[in-house]
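Below, chain A partners chain B and then partners chain C, in two separate complexes.
And then the complex of A and B:
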């Protein structure tokens, strides 16, 4: 009982309030003079629009940064014949769904825990968020050392309690899952913060009413917290999925796509083509990645937002 | 439509690239300060150039010793020291810096096929007119030329072999002989395993180290198919359909299936491997002879416990070593005036005994120097002596990457795929042929469209 009340009375989180007023202000003052848009338009055109169009052009050429020869769709053909791409495509989807799923589930559970009345709540919230602030490369190198099958701390610790640890990053079957777990560890803090903001913005009246009707805490969670935190779920799913689909830095720091090509994702396949100096080919790969992310995220956002209106 | 008259889009893109280059240049010019202003060249002639080199312990130590000796001999020239990563990260950095005009005045880099991939005709200063050009080793010259037949680099380092490092005390203890054929090699491995020692070391934690079974086998390929390099460059012969070339991939699979690899072969790194073979924890380590220069750093006092023999093939009569004729020292075309003169002096310095001695101070030589001006010091390592004996007796040929401009970038990953049992040797060779095709097309070679 007390804890339900505690949840309801938790101090309102600042970003939510700020977001509301910001939106309201934007709507009210709709018209700015046109010159006001100019700086943003110039920056957008020079740094985003032109490179995007140029990249579409170069993806149809054999390009060595000095000269380019038009070769039509050959780059796309080569890219799709790339053996690493088949593995990469599969890994990208596994990685994106696995990290997004775990971040939603674990993030939501942590958020419920961290909005309840527990000791050292502020401290625990910072602890959960801390890995988000650490550089991905730093996280990758640290876990590569920890996950070393012979010398790493994880397997040594497991050995103490009599378990033979798996070969984490050097087992071709396991590598991509090991990296995904590290990604969840490093990124779940952000999901938790978004969920906390979503949960504390639920008006306490609902919980009080449910309590009067004799609802259990689990029932309140299932029928009040979960549906009303839907916007937060939508945000987390979208962000985590985009992050997972374009995942590259952590994988590159931990395995470089290896052993062999076992943990390659589309991102690392593209980077390898770039490294090898196949600039046209890697540009074509980027276009493919752009289309793939759009094809997944656009319908998903539409679907999630449609439900939000209901 | 818009793409057809791509003029404006591309122009703007180039403008953007130039703008960011200028921005970067602006930053570095500030830190260089006044030394930059002597560019016109009238007065005292104090010049500053930068030397970009590899970042291994031995490369860094050599660069330091050379710069010190060079500055003492040329008080007007200051050389700044800069290093870059090795492997594909290094290739990427070199290509990008050349493309953006940001390259250091002098840099060292591979010759052979990797040199072709940075387009020497377009990007580098030719050096055939230099007085030292005639003193160079012929294999080095052949592999430092571009398609236009001009020489584009000075010598850096020594010749090194690609073969098998082995632990001499274990060979003596078990009474083993240097294997002349692959079957003898596998028999030795069996003996070593019976003695409870890991027969073959691999270090897939550092991916490039996986390639030696294939690259180091080239002497045997050429012994059986003398025109392989030409046919392969023309796209007529492939690894997958040439039995002699396929052997290298098959050897990896054979060693894996016999269970001869060290237990941690999937995560060990180069220095772990060197330490294992120097300490006798493992006995055979297929590797470039050049890595023995680092034995003193990881296992002090063990340099003479490690010997070197070629990767054996099928015929004892053609037993011999595949060699890598050193690396090159290059000057990008963007360098002009006083800086160009200073850079040329620096390259020339490396063709003198003084320069070679300074190099040897940081990197113990692993084979003969590349110019007749330089003599080896008296106390070279066992591996260097072994390499030299194969070269002197004529039982050596340059690796494929010095005879053909194409080397696929993914060979290291493909060798690991075979070595971890993910694909068979035949599949690995076929995958590598696909990889090579991309490189050949990028270079615009005939016969690959």
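And then the complex of A and C:
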């Protein structure tokens, strides 16, 4: 308190704040009141923090929203033993790594292309980015039609060049990969614009110096663009992994987790168990997802940021 | 010579994007314009009988104008959530940036958690039910605000640090109260970032599927994303209407993009880097 008083002492100004003791005590504090946090804090606490914390308790119970019975680790056991749910876990990891990897590689290539001296850059950037804004359900339903094995445009186009297209969403082995491809189609635009922002911020002197030294384009890319666009790579990887691990909308719109449960992810398992009335099990799924996301994202962010400092 | 190279690569890129990105949208438009029989063949060919407007009309009228109700629901949800997000996040970001205190590291952690941690669905329903907001529009609006706040606070805070302190200090010396300083002096200066937040969050909330699915079930409550999903089973024998529906749902996003292309792209790039 004493120090606060000290800063507020500049005496002639104090009376202006109407002499109230509370005001005079900390002019700075009074002008930036803590209660401005209140609406955000209340909403965030009630609708995000409390449910998140409560999920840990309820995941150990059999629960019908009104009464809960403690059953220890049973829900988790089910989650890691039942074939249908284990597949969900595996698919989540496949889906997240595949979408993140492809978004980085394709996004980076597109960004390099769109920052080089070619025509129609504005148009190209818009076209690639637009799907980011389109409803995931709309994208999912459209591609479900396009990926239809007999009637779908994709397999018909492949047939023209003599390739027999696969049964994209019908083949249990393939379904999750097909959905991941659609996810990349819809999301690569965001990765591209993040990479473009990263590449544009690299000073052109570096490239000029490299050119003077007779470096090839590929060499410049490898030794200038790639290391200096590292923060952008970190951002894209983190975002894509978070999105991929949580994925639900697109899968639900395209296959509903099918055929059977071949393309289930944790996200769709949570919904299915909720629908079936297994609230405790569904919540255990939420906790597993929470732990999985934290276990991957937290060390990754730490690692990526550490290297940034070096 | 350098230019020819740029033109050639540009043309190749245009051809590629046409195949990969324009064809799917053209496909939506074409199927939405066909009659039932030919639409169900899913062929990428110009409709023999162009009936886009009848299809749109039929899609809107289906099930007692359910899609029209859904559009109204979606707009209410979007407008209310985005308004709340803008005001509450700006207020919090203002104090967070202007008044360093022991709370600051706590807030950083909470914001980070909010960005990373997937919401726990059933416990959220449990909370909503306890306070009587489950299956209500206000409940869903508060959910959208709660999930969107971390991202918006970060955007506001980053921008706030570029607003000179002298601005609020001058107003404070003039005897303005904290609310006056915020709404009369700070809020107007934030205009550009407010626009970014409004545009980005409108797109997110409007396109949101999972939250309305969980927290606002019931046919009369459906948002457009939900109707689209429900029509999936209903219209599998009427692809023209399904795609007319998709077209109608995509149009608001397209309109936003045409008007705010730059703002959206910059905002998303900036927002994700800060996130």
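Just so it is clear, the second predicted complex is superposed on the first by the 276 of 310 C-alpha atoms of A that agree within 3 Å, B and C clash if a C-alpha of one lies under 4 Å from a C-alpha of the other, contacts with A are read in each partner's own complex, and residues count from 1 in each chain.
Definition applied: a residue touches a chain if its C-beta (ideal position, glycine included) is under 8 Å from a C-beta of that chain, and two chains touch if they have at least 3 such contacts.
Everything quoted here is computed from the prediction, not taken from an experiment.
Trainee: Looking at A:65, would you say it contacts chain B, chain C, both, or neither? Reply first, second, both or neither.
Mentor: A:65 sits against chain B and chain C alike.
Trainee: State whether A:51 touches chain B only (first), chain C only (second), both chains, or neither.
Mentor: Both chain B and chain C are touched by A:51.
Trainee: Tell me which partner A:216 touches in the superposition: chain B (first), chain C (second), both or neither.
Mentor: A:216 contacts neither chain B nor chain C.
Trainee: Report for A:119: first if it touches chain B alone, second if chain C alone, otherwise both or neither.
Mentor: Once the two structures are laid over each other on A, A:119 reaches chain C alone.
Trainee: Going by the touch definition up top, name the partner, chain B or chain C, that contacts more of chain A.
Mentor: Here the partner covering more residues of chain A is C.
Trainee: Tell me which partner A:276 touches in the superposition: chain B (first), chain C (second), both or neither.
Mentor: In the superposition, A:276 touches chain B alone.
Trainee: Which holds for A:34: it touches chain B only (first), chain C only (second), both, or neither?
Mentor: The second partner, chain C, only.
Trainee: Could you look at A:148 and tell me whether it touches chain B, chain C, both or neither (first, second, both, neither)?
Mentor: In the superposition, A:148 contacts both chain B and chain C.
Trainee: By the touch definition at the top of the document, which applies to A:81: first (chain B), second (chain C), both, or neither?
Mentor: first
Trainee: Which parts of chain A are touched by chain B and by chain C alike?
Mentor: Touching chain B and chain C on chain A: residues 46-47, 50-51, 54, 65, 148, 274.
Trainee: Note which residues of chain C are touching chain A in the complex, please.
Mentor: Chain C residues touching chain A: 2-3, 5-7, 9-11, 13-14, 17, 20-24, 27-28, 31, 41-44, 84, 87-89, 91-92, 94-96, 98-99, 103, 110, 113-129, 131, 142-143, 145-147, 149-150, 153, 168, 172-173, 175, 178, 181-182, 203, 206-207, 209-210, 213-214, 224-225, 228-229, 232, 239, 242-243, 246, 249-250, 253-254, 256-257, 261, 264-265, 268-270, 272-273, 275.
Trainee: Going by the contact rule set out above, which residues of chain A touch chain C in the complex?
Mentor: 13, 16-18, 27-34, 36-37, 39-41, 43-44, 46-52, 54-55, 58, 63, 65, 113, 116-121, 123-138, 141-143, 145-146, 148, 151-153, 156, 185, 190, 193-194, 196-197, 231-232, 235, 239, 242, 245-246, 248-249, 252-253, 267, 270-271, 274, 279, 282-283, 286-287, 289-290, 293-294, 297-298
Trainee: Using the touch rule from the top, collect the residues of chain A that touch chain B in their complex.
Mentor: Going by the criterion above, the answer is residues 46-47, 50-51, 53-54, 56-57, 60, 62, 64-66, 69, 78, 81, 83-84, 148-150, 167, 169-172, 256-262, 272, 274-278, 281.
Trainee: Mind listing the chain B positions that touch chain A in their complex?
Mentor: 2-3, 6, 9-10, 12-13, 16, 88-89, 91-92, 95-96, 99, 117, 119, 122, 204-205, 207, 263-264, 266-267, 409-410, 413-414, 416-417, 420, 422-423, 431, 434, 438-439, 441-442, 444
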